[in-house]
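One structure is given below, encoded as structure tokens.
Naming follows writing order (A, B, C and D), and every chain is counted from residue 1.
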Amino acid sequence: MTPIATPFFFYLLSGLALLGGILVITRKNAVHSALALILTLLALAGLYLMLYAPFVAGVQIILYAGGIMVLFLFVIMLVSIERSQKEEQFNKQWIVGFIAAGVLGVLFVLVYVKGRALLPAPAAQIPNESQNTQNVGVLLYREYMFAFEIASLLLLVAIIGAVVMAKKRI
Amino acid sequence: MVATLKRQFGSGIGEASTYLGQNYMVVDRSLIPEILQVLRDQEQFDYCVDITAVHYPSREKPFEVVWILYSFARNERIRVKTLIADGEALPSSVSIWATANWIEREVYDMFGIRFEGHPDLKRILLPEGWKGHPLRKEYGIIQQDKEWVQINLGIESGQ
Amino acid sequence: MLDYITSYLKSNTTPGQAGNQFWAFVYIILIFLGLSVAVIAMNWLERKILAHMQVRLGPMRVGPHGLLQPIADAIKLLIKEDIMPAEADKVVFWTAPVMVVITAFTVFIVVPFGPTHAVTDMNIGVLFMLGVSSLGVLAIVMAGWASNSHYPLIGALRSSAQMVSYEIAMGLAVVAAILMTSLHGIGLYGVGSGTGTGTLSMIEIVKAQQEQHAWFIFKFFPLGLIAFFIFAVAMVAETNRAPFDLPEAESELTAGFHTEYSGFRWSLFFLAEYSAMIAVSAIAVTLWLGGWLRPFPSWLTGETWDLVFSLFPGVTFLLLAVIAFVGTMRMPKHPYFRVQTLGLGGFGAVLGLIGLVLLMPPVRDRIQDIYWFSFKVAAFMYLYIWYRGTFPRYRFDQLMKVGWKVLLPMGIGVLILTAVVGVLL
Amino acid sequence: MTDGSTSTTSHLELEEHDKTFLDSNELIINMGPQHPATHGVLRVILKLDGEKVLGTECVIGYLHRGVEKIAENRTYAMFNPYVDRMDYVAAISNGLGYCEAVEKLLNVEAPPRANYIRVILTELNRLASHMLWLGTHALDIGAITPLFYTFRDREEILKIFEKYCGARLTTHAFRIGGCLYETYEGFEQDVKKFLVFVAPKIDEYEELLTTNRIWVERTKGVGKISGKDCIALGVTGPVLRASGVHWDVRKAQPYAAYSDFDFEIPVGQNGDTYDRYLVRMAEMRQSLRIIRQAVEKIPEGPIMAKVPKVIKPPVGEIYHSIEAPKGELGYFIVSDGSTQPYRVRVRPPSFVNLQALDVMVRGQLVADVIAVIGTLDIVLGEVDR
């Protein structure tokens, strides 16, 4: 079986993800931004596939691109976009933004440089592809059961909170 | 029935008789709407079939307004008529029969008879800018051609 | 070259798994063409069947019995003026139909027409299909918004709300079916034998049904049936078809999200709608109706039965040919109809020829799987038409009620019961 | 959401629409006059809270032709064909009402054979009208198939009309004093054949809809109106009967030959759209019953009463009403002794029934408005006259 993780695809997908990310913050039209975000998410799903994590890729598509972004678009479309288009995009907070981005960048570079020294190079072990999904299941429901359940409880609380806030009378 | 009504309202009730098997009575304008209320509540004429008007330009009081009522209990119809002068208003009977709403609007639209106390008295079948009231006898069909068709539709003639 | 071809024909994996790009490409082309033909045929069949349900004749003018009507329609759509509203968002307006078609066709990569007849077999097959078809919602929302008009926007909002809601019930039903691949039951419900691990792969799911000697619709009776029912309802809602065609309710919203589209772009939506119908039907067939398996694969065994069932595809085509010939005989004997009569006869001849080819031993063994799969999908397609002929339209709140208050609890219940039954009974 | 050219407020409304689109406050939308579900040119302005209807206002008159004014400029006989153009799907009922009203004014009576022919044709027309209603009503709710079934069967009725008087829709079948045409050869056989043909068809419609879950869900409890409200609003016809009021002009004040026949008046209980549907379906069966009796008992004799060539009723006035398919159709005619009516007032059932729309849809959802407009069975030609 020929590997799909060729450098060409890696650079293509990363390029698409970056392009999407840049478009998200530069487009004035919120709907265009959302669509660019979808592009980024899809490119990320492709990257997951290259890491032999098809399940994560599938979930990425279903949840983020298919589910969450639809709700995003839902809200954006109902809001009038004329006003936001007239507004100045770069306001006075851009200095703060640059500083934050710079700090993040430095952090990223440091982790990248130091991290290699700290951690041993992981064995390039290609997981058995046909067992990938099953492995995810085993990990979630056996080893991290407690954390998983806590996360679901949190989500339940969030749902109830959202309903309470949205509904005029209960 | 007419006797009891006459006792109650006295001379306000004029002619009350039957033509071709149909009862009608002419009442004085001042008895509207009390007599209608009484007819509905005491005489069980709970269904107002129709309200309409007839224009007699030569008479002193040119408009004859007709209420056609029906009683489910008696299986009987009666026509209540009253005469009014041009420009005179009548009290609305919407509070007695809800159905009078649109019907009175139509009478207003066609004859220009105003009903006081009507919740929303405006033209119903004709457009808002219409001139005149078509079912008046002096309203000619040619007038409509001039007043409405030529001005609003921008064509020579609708005829 | 010939060796290359025959060597593949004998292999027992899909081209995608074998890493055979040439065959994968051939399959993609075949699926694309086959799907387009299926949509065209579906267009004609829907109009004809619906017409006959409604005591009409349907298309009768273009070609004998209107057989060429879809082609005429396609030509009309292609040469029609392509209108783009002046106030529309050009980029999004342009991308939406492209995206909807891409998603509608991409899902067919993992559809198993037979044990080896799929472009590829993915470890996450079902998940992939659900995920990619959920991207179709995005395209609909984009189309509705980009048109910059009221009806499309409301239609798109309704559409997406409906699809997002029904996806959940649909997912639960699918999970129930996937659970069944790993659960065999013990006493009361015990069936067949198998490996014991579940799978999301479309091919493996069918194989599990083969091993367990039961289509999942009959497994853990009535749980499989209920799960199938949930899916069958949700899939009609997913594809926005009657009685859930609210996004396109003519009496309320003209044509829904594609009101402003015309010509070629509109035909892309049309194509996508029908291929989405085929796609969800394919999922249903794969998960519950034994995919490519012929009826009673484990009861009626033996060479005779194998032969009998392998004759079906050819016989079906021969039957169609007979129908076409009967139609030819019944055409009016008038010079005006001569060309049409000849055409219908020719069409019958082609069908008969295909039938004969399908009866040849080497072909009939390879083609059988595809035939049974398509036959089951076609049954679903007929159901779609039937629904449209019979049902009034749900109101939006009722639709949501059905989705959230009926199907969702049912789905959860079925899921839990399936797990309980599979482990304990 | 089209705007009427005569509207003065629509622009404001639309702006408000945009402004309040996100809040769950009031929202005003405009339906019609060009809208597939309004059965013609009816414009309904809806005040909504989300999808819930807070109130409605009907704007009518787009089809107003001034029938009542025309009547004053025509002789009695000349006006007869005009009434067909009001409720054009039940033209024969309109004609029957008008002819009988003038006959009463003239104090003549149509001969019994004419009355029987009138009953047969009017009941056939009631069937045709109900069939058209059923098809379009079901179509509004999304069931497309019944439309074709009902039109197929309505066609048979129209064929009988065509054979009888040469016209299919606006028939002008009756004349003042009776019928102009004797029945054609084979009329009775045709009608009998039709009766045999149509009875199973009505079962077929019922099979498609009566127990159809979605149909029941879409119609049950939708557009409820109580009998008391119906009477107050002057609503008549099947709508009134579906609300539990046992009243039909054919029974209460029989006209033509209706007193000769044995038939029942179907009555509903809940006054919702589903009951109105059931009542009309039952009414179709009762119509068949009446026709069957009429065809069997039809007497021989003249079909035209002695009516003067020039119709000049004595001075006086008359109100005569019949049970049209939509409700009580009344004619109030005032004569001044000349050849032309002094005043003709039509009491149109659709017009009065349409008033009930507001009461019926309040608190319901937008999609129900369409169902309720369908169930009221209005014909805009009659609403606007």
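In this text, a contact is a pair of C-beta atoms (placed from the backbone, for glycine too) under 8 Å apart; a residue touches a chain by one contact, two chains touch by 3 or more.
What you see is a predicted model, and the numbers here were worked out from it, not measured in a lab.
**Q** Please find the path from chain B to chain C through touching chains that uses the fewest steps, and give that number.
**A** Graph distance in the chain contact network comes out at 2.
**Q** Hey, which chain ends up farthest from chain B, C-alpha centres compared?
**A** It is A.
**Q** Any idea whether B-D or C-D has more C-beta pairs in contact?
**A** Between the chain pairs B-D and C-D, B-D carries more contacts.
**Q** Express in whole angstrom the distance between the two chain centres, defined as the mean CA positions of chain B and chain D.
**A** Centre-to-centre distance between chain B and chain D: 24 Å.
**Q** Can you work out the whole-Å distance between the CA centroids of chain C and chain D?
**A** Chain C and chain D have C-alpha centres separated by 45 Å.
**Q** CA centre of chain A versus CA centre of chain D: separation in Å?
**A** 62
**Q** Could you tell me the distance, in whole angstrom, between the mean C-alpha positions of chain A and chain C?
**A** 32
**Q** Please set out, as single numbers or ranges, the residues of chain D touching at least two other chains.
**A** none
**Q** What residues in chain C touch two or more of the other chains?
**A** Touching at least two other chains: none.
**Q** Which positions in chain A touch two or more other chains at once?
**A** 78
**Q** Under the touch definition given earlier, write down the residues of chain B that touch chain D in their complex.
**A** For this pair, the touching residues of chain B are 19-20, 22, 24, 46-50, 52, 54-55, 66, 68, 72, 75, 77, 79, 97-99, 101-103, 106, 110, 123-129, 134-135, 137, 139, 141.
**Q** Would you tell me which residues of chain A are touching chain C in their complex?
**A** 1-2, 29, 31-32, 35, 38, 54-55, 57-59, 61-62, 65-67, 69-71, 73-74, 77-78, 129-130, 132-134
**Q** Which bits of chain D are touching chain C when the two form their complex?
**A** Its residues touching chain C are 1, 36-37, 51, 138-145, 147-149, 152, 208-209, 212, 214-215, 217-218, 365-368, 370.
**Q** Taking the complex as given, what residues does chain C use to touch chain D?
**A** These residues of chain C touch chain D: 53-56, 150, 242-243, 245, 249-252, 388-398.
**Q** Residues of chain C touching chain A in their complex?
**A** The contact residues of chain C facing chain A are 17, 19, 89, 91-92, 95, 122-124, 127-128, 130-132, 134-135, 137-138, 141-142, 144-145, 153, 156-157, 160-161, 164, 167, 197-201.
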